[in-house]
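Below, each structure is written out as structure tokens.
What follows is chain A paired twice: with chain B in the first complex and chain C in the second.
Here is the complex of A and B:
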């Protein structure tokens, strides 16, 4: 079945195989670099997220891709769509801001280094939910800036469904990775 | 890919800035119980408002829906700046974007300190978020009350 491929592999020699592996690894590395670089520019830990639930329908459906920023000098306003992560919960949630409460800077001789320092309390709600998110906060009364991963700025439908499919059917993930790896090894320049 | 990029870029060109009006017709404050702490005494404000606006120019070929909301902006006694959404609506068709709303608050309007006493008069605004089929989300303000509306004294429930 793989006789042909094995033959070509043998012909190309160890050096070529190593070179292909190096190629593959550098593709992975640059992918990671792009991801981390985007994270640096946008100041968020995950600049692109996939919608996992239907709580923001009809705006966002499962599998839609969202692009986030989290500028350190901007405060959040009502109507902004935030992605937040409650400590203890591993899945980030995409919901819209319903209430903001900005504490005044405490003028005790100190000047705030950035608006981030000033306390802001947020309450969120999913467009498709009837009530606000207090139940989701796991005992917290309000969301604070430190819980927020970012603010949704851009939208691309459906594309993220690939990752949901890969999570639901792990075989698909291995098949895809294996296929890619094999291709990288076998293809000739 | 190129088409998607072109469509998302087109929403930078196809912009509109429609304006409307909003006025508060009545506002009352009553005591009640908070949802989480059922024995905590908490003020709730009840706001009736009228809003008219023609937001149909916001609909272009890349507009999936509008998210509209009315929020109250005020500063409380301790200088905390608050913005509270009291009403919202999703508009999915251009025909529904000509608004004439006689509304009242959909969501509980509470104060952080549990009492509206001493809070500065509030401005009420009608804002929108244009959500595209693909591309960037844009925001805008369609209307703002001309004068700020003071909070009345709390009425006791008889």
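Here is the complex of A and C:
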């Protein structure tokens, strides 16, 4: 099936094969760098996430794509939709902030006058849940800023199903990657 | 030889009188001897066993790549030019370096927690952007359309170095003309390690793709090599246009 292509590759030499592999690998590298760059600009480790559960209906449904930012100088307000990760749990959760309390830093008796303190204690609850998230916190009483991945700024419906499909059927992921690799090796720019 | 009756009528340059398989005559022992030898070398070897080159003749890029490859194969023969791979090597080096930087940054960002990793990931992303810009600038300004750079050293009374640079472009088709393949050649002949300039030449010629590809998309390598040999011979003789 690939006899023609293999013959061509053998005829064209090592440099050509290296160039073709480079074509493929550099597409992956640029995708990775765009992701990392986006994460740095938005100050969050995961600037785009997919909703997995229905706990935020009717605002977000399973399969929605969410765009996050994590401004380090802004205060999280009640009503913000945040994505947080509890240490020990590997899946981030997207729920709304129910309560926030400012916890002034211990500045030798002085209290910071600005409301933009870094120490915030947060309590969240999913819109579609009956109770707040205390049981999800695995022993913590409040969420702190360091647990928050980001705040939701925008969303795209349904697009996340591609990621869900690739996670549930890893063969799909490998097939896609394999197909891309083959295409890149055979085509010339 | 397979019948070439279905090929479109082609206009090729007149064949050289002492090529087409006859052994080269004993050249006169003077400056032009090297040139006469080369003319013989520039003729395609008749009856040479070649693999058939078949491409999609609706794709101009495919045809251009096939012609470029045939050109490189033809001119890289042992007695002709030795290909200089500098442009390819620079492109490979910059490309693979940027991929490695991206990979290292990704790995580091995965292992180390986010807040801690930020400075290093910034450095990695900026390094990647710089390398990508360098690649783009190199290939646009310095490499350009160049497809072949070759060097040749002959020993006459002194060491003569010849260097040829070949660019190729495609010309778009119009309702009345087929797409064409335009070759541009630059040639320098020097001695004494490049300090004495013996000759310089520049040429450019264009042929429609229909001159070399038939209906099935098979490249007529002999006709192509004859044309390339003629143009290279022209520029090497100093009969530049």
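Everything below uses one rule, namely that the second predicted complex is superposed on the first by the 168 of 189 C-alpha atoms of A that agree within 3 Å, B and C clash if a C-alpha of one lies under 4 Å from a C-alpha of the other, contacts with A are read in each partner's own complex, and residues count from 1 in each chain.
What we mean here is this: contacts are C-beta pairs under 8 Å (C-beta built on N, C-alpha and C of every residue); 3 or more make two chains touch, one makes a residue touch a chain.
Just so we're clear, the structure is a prediction, and the values are computed from it rather than from any experiment.
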Combined model on chain A where chain B meets chain C, clash or fit: fit
Once chain A of both complexes is superposed, is A:40 in touch with chain B (first), chain C (second), both, or neither? second
Does chain B (first) or chain C (second) touch A:98, or do both, or does neither? first
Have a look at where A:157 lands relative to chain B and chain C in the superposition and call it first, second, both or neither. first
Mind working out whether A:127 is in touch with chain B, chain C, both or neither, as first, second, both or neither? first
Looking at A:26, would you say it contacts chain B, chain C, both, or neither? Reply first, second, both or neither. second
Which holds for A:15: it touches chain B only (first), chain C only (second), both, or neither? second
Could you figure out whether chain B or chain C reaches more residues of chain A? B
Taking the superposition on A as described, I'd like to know which of chain B and chain C A:79 touches: first, second, both or neither. first
Smallest inter-chain Cα gap (chain B/chain C, superposed on A) in whole Å equals 25
What part of chain A is shared between its chain B contacts and its chain C contacts? none
Mind pulling up the chain A residues that touch chain B in the complex? 58-59, 77-81, 96-104, 121, 125, 127, 132, 134, 141, 152-157
Chain A contacts chain C in the complex at 7, 11-12, 15, 18-19, 22, 25-26, 29-30, 32-33, 36-37, 39-40, 44-45, 146, 188
Listed in rising order, chain C residues that touch chain A in their complex are 51, 61, 65, 69, 85, 88-89, 91-92, 95-96, 98-99, 102-103, 105-106, 109, 114-115, 118, 121-122, 124-125, 128-129, 132
Taking the complex as given, what residues does chain B use to touch chain A? 4, 8, 35-36, 64-65, 67, 69, 71, 78-85, 88, 90, 92, 107, 112, 127, 129, 131-137, 139
